[in-house]
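Heads up, the next two complexes both have subunit A, just with different partners, subunit B and then subunit C.
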Partner chain A sequence: MKIGLPIELLSLEWVRRLQQDITQLLPDVRFCHGSGSARGGYQDIPLSEGDACFPFKKMIRTAMALLPEVDRLLIPRLVRLDGHLLCPNFRAFPDLVALNRDRLAGPGKETAIIDTVVEISNRTDEERVRVELIQALLGNSVPTFSTEFPKPESADDRAAKLTAKLGPYAKSIALIGRAYMVQDPHLNMGIPAILNGQGYGVITPQDIDFPTLDQVATRNDYYAKTMYWRGARECLGAFMHLTEGFEPAGIIYLLSFNCGVDALVRIELMSLHKKLDKKIPMMVLVGDEHSQREHVFTRLEAFLDVIDGITTS
Partner chain B sequence: MESPLVSPKAVPVYLGIDVGSVTTKMVVLAADSGAVLDHVYLRTNGDPIRSIRQVMARIEGDPREFQVLAAATTGSGRMLAAKLIGTDLVKNEITTHTLAALTIAPDAQTIIEIGGQDSKIIIVRERMAIDFNMNTVCAAGTGSFLDQQAGRLGMRVEDMGEMALASESPASISGRCTVFAETDMIHKQQIGVGRNDIVAGLCQSLVRNYLATVGRGKQILAPVVFQGGVAANKGIVREFEKQTGHAIEVFPYYGVAGAYGAAIYASKAPGERPPFQGFELLKRDFTVDSFTCRKCEEECTVLRLHRDAKAVSFWNDRCGRYSEAKKGNHDNGDTAI
Partner chain C sequence: MKVTFPHLGSMYIFCKAIAEEAGIPYVLPPPTTDKTRELGEFHTNESVCLPLKIILGNFIEALDAGADTIVMVGSGPPCRLGLYDRTIKLILTDLGYEFRWLTIPGIFSWQSFLQNHDETKELRKELTIANFLRFPRAIMIGWRKMRWCEYLEGAAAKKRAVAVHPLEVERWLQTSLAALDKARSLLAISRAGKQAVAGLVDIKAHGRKPLKVMMVGEVYTVMEPSINMNIEQRLGHQGVEVERSSYFSGHIRRGSRLDRGLLKERQELMALAVPYLKYDVGAECNFSVAETVLAKNRDYDGVVHVYPFSCMPETTAASVLSTVATELGIPVLTLPLDRKDMGLRIDTQIEAFVDIMHMKRSGHLL
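Moving on to the complex of A and B:
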């Protein structure tokens, strides 16, 4: 069976683990992810995308391009992970794909969409959701399978990976942003590769286990500013964790556009940055504001010059 | 590489070229004293090759016989300029403007720069740039918008500053967006508000917009240096002084500050530079075209420089397939189109 799983969703660690588990349980299943280039067969076709950011629109196009190629399209209705809410667009995602599938008389019209609701706050939720998902994928032909899933990667394993990742570089930049922005080169405008090319290692929130970031972010929960969005907690926790422990040479906050949540995170991070004892250069890059890669490169080059120290001497 | 003959009278200089979206600037810096020996500010008019050629012709024709020890380029057209004059010293505008400002005003703490389509703020502390911001998709408040509005009001952009200073009651103009600003200006004209007041209102709104967007969250401390072509507008300078509460310093060469910074950058380039080849531009035919590489999903727009109808250089490809190919072993792009 060929299962379509948009490549953009793989930026979420939970989805990656889900794919691993399904592959382990059902060896006959083959996953297709699409190119994620937003240049698929629906490039020139106007789709119903809602008032969404570019990353979300891109994900809809990847899903639409997968429909004719697969037997099932797996796009879980992601509501909550690790006890925290995801961007509301994720829960509308299956509806928008179904809307476009039914509206356009193209191939893939018969492909089933698996949109199991994902609300996970603990291990019990996680196991329940996975069983529901696998049952939904296989319909009536559900084989007996174990619910003993592999344990997630430990904090130590992750720390070792980070050490290996930064090993070749003398300096590092903390690239803070939502997982899909930081990991998708079509959305992050090649920033990690450019920084690597300039001799800087790149640390991201996704290099650190979420429970650690969540715990650190809790220190900033107060009154009306409690960050209850998972992506926001990840960014906030990463900023605090990395500036306290790693001392990166610079910090870049990368966002797609100033949506309500990201605008709030931006203000929080700028405020925290002003309070740092040690001044670390920080730059905010908004993806929607840069249609040309050269503009991004100019800013990165200047940012690295600031880190190295622009002086006439 | 063949070394060109150098006259014993030749004056050793460093050259900085700033190719912007609207204007091309050049500064010739004396190698011994650091003095500005010549500078040019001309309209790019959408043809950077022609404007760079004009600059080269001026340097070559100077009776002082300049010997260019090193040249650096900056501005949005810096890569093209570097290819055309054959230099590897290419620097972003933030850094070159910082170098220029700190050379003229070593104690500067804030640098405001407004050019044809770019505007920037650079925060300096203890003679080191520590933060900066640039405008992005919105060119509100930049020189090209002022140009456009001057044309619409039937005046020269150079006269706008004096007109603004003559106003005692600036009109209220929206600074949020140039489209709204223009709508407001038309409305004010229709109801009979004087041109001086409209121009003064425009200056007021553009500074408000700059401080709210480019300068957002930045601590503006004196001394404040104002560079870029828009610094010529005294109405804008006055508004900056009013709205920031600081004296604004506009130094000579404000219009060519990027090129000045590039020349300083060239002067500090380590090691011995290869002989300057920029005058080749005057003797041979150079053209640039582009093609879309379809070797991968990136679909880069690759730029290709032709010298005498032969492709000699490529850039703007992310993977380096063309730009980093060994000389003489270029895929000329035909197979990629």
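Moving on to the complex of A and C:
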């Protein structure tokens, strides 16, 4: 069986573990992720995309491109992971793909979409969602689960990986952003590669285990006023954690134009940056479909000049 | 202590009434202008939604005018409205303002109770027993005024579409709201309301059947004319009767969870969106879709969908509505709103939208 799983979703650790789990349980299954090209591989979406952010449009386009190629399209309805909410767009992601699919004239119109609701706060939820998902994929012929759902990478393993990743570089830059922004070269316009090429290692929020970041982000919560989006807590926690422990040479906050969550996180990060004891250069980069690598390269060059100037002086 | 609150349509009449009746000094923020919006824009960023910018501008102007205590109605996840207070507090503190803050929770919980307890620690010291004793009457007066204001605004939306001189309706509405604002007893409120209703009958109507649209979308944008570019009035002057999906009293009744009938009604409404959205996206997204279906079921001529540019739930609703409009054959005008300098653009869009509705009604458009 060929299962489509949009490549952008693989930036989320839970989705990667889900794929690993399904592959272990059902060796006959083959996953397809789409080309991951700049526009998501599908040019003419039947429905209006409105003023949605670029990552969301790209996810929908990738899903649409996968429809004719696969037996089933897996788009988990991501509501809550690690006890925190995801952006509301993820709740409607399967519906928007389904509405677009229904308007297709050609192949892909009959492809089923598996849209199991994912609300996970603990291991019990994870097991429940796992059973529901496998049932939705296979119907009643559900295998017995002899293995456990793959556990997240431990904090020690992540730390070791980060040390190895930063090993070749004398200086590092904290690249803070949502998982799909930081990991998708079309969304981040190749920033990690450019920085590496300029002799800087790159630390991202995803290099640190989420419970640590979540714990740090709690310091800015006030009773009912908790930052309720998981991605926002990841960015906020990463900023606080990295500026306190790692002291990177510079910080880049990478966000997508029109992202509602990042619009508020940006205000909090700028406020935190003003209050830092040790001034670390910080740059905010806003990207969308029209951003080009050359524009970003010029800005990065200027930013690295600032860092070099500070280091020299 | 000088309390202030943001503008939200005629909600200031409700807030003023409570403060006056309870004997709490207050500062009414100056009316929302371009300057208000610019203040909000300057201290935020391009992807922050317009309501947050305007509310921030309202607060900056009120604090500059002498207010020291901000009272705001809160909300919950997953939309950004639930974090407006957290964000605005941070911006104002970074700007160097000193103020106290009280969030009236949108949904009551232990966390919000503890938060309110902490927030009011200082405020309680400044309030007297007399203030507390006057609160029940103050809320009753405020509530009655709000209900009348909403009734008159609804009546104005109907009359505007059929009035020979629509500007007479605007004058009538301003005078009527001012009279309600001045009334100091339940009897006086009732008298002011009834007089207003009687005055509306005197405005001459042309007798033609107006077009009828439902205005759906994000609550703040639907309710606040300075944000929605006075769209209700603009449509009314083109001969269109507008039914608003959101009124402030409805949100209070829903938030309190006391009105079971209203909650059931909302559930039934939610079911209308299920063919298009199988899960609650949050905020008003599913309701925008459901109310469009409802508008079709009630044989309305069209739907106006308003929301702030970058609003996450309503951006999704806009995409879904492009299907709903085609499937059900109902014209939908989608208006993402941000900067205020686009009145002429909106007029042009409205004119085209009205033409489409007229053509559809007369059978010239399938």
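Observations on the model:
Assume the second predicted complex is superposed on the first by the 289 of 313 C-alpha atoms of A that agree within 3 Å, B and C clash if a C-alpha of one lies under 4 Å from a C-alpha of the other, contacts with A are read in each partner's own complex, and residues count from 1 in each chain.
Just so it is clear, a contact is a pair of C-beta atoms (placed from the backbone, for glycine too) under 8 Å apart; a residue touches a chain by one contact, two chains touch by 3 or more.
The structure presented is a predicted model; accordingly, all values stated were derived computationally and were not measured.
After superposition on the shared chain, subunit A has more residues touched by C, the comparison being subunit B against subunit C. When the two complexes are overlaid on their common chain A, residue A:T298 makes contact with subunit B while staying clear of subunit C.
Of the two partner chains, subunit B is the only one that A:G309 touches; subunit C does not reach it. When the two complexes are overlaid on their common chain A, residue A:E289 makes contact with subunit B while staying clear of subunit C. In the superposed model, A:D214 lies in contact with neither subunit B nor subunit C. In the superposed model, A:S37 makes contact with subunit B only, not with subunit C. In the superposition on chain A, the residues of subunit A contacted by subunit B and by subunit C overlap at 286. Remark: subunit C residues 44-49, 74, 76-80, 82-83, 85-87, 90-91, 94, 103, 105, 109, 111-112, 114-115, 118, 276-283, 285, 309-313, 315-316, 318-320, 322-323, 334, 336 touch subunit A in the complex. Across the interface of their complex, subunit A is touched by residues 76, 79, 91-95, 98-99, 102-103, 106, 127-132, 134, 136-137, 217, 264, 297, 299, 316, 318 of subunit B.
Considering their complex, residues 35, 37, 39, 190, 270, 279, 281-282, 286, 288-291, 293-295, 298-299, 301-303, 305-306, 309-313 of subunit A touch subunit B.
By the touch rule above, subunit A contacts subunit C in their complex via residues 47-52, 77, 79, 85, 87-89, 91-92, 94-96, 99, 103, 115, 117, 222-225, 227-229, 255, 257-264, 266-268, 271, 274, 286.
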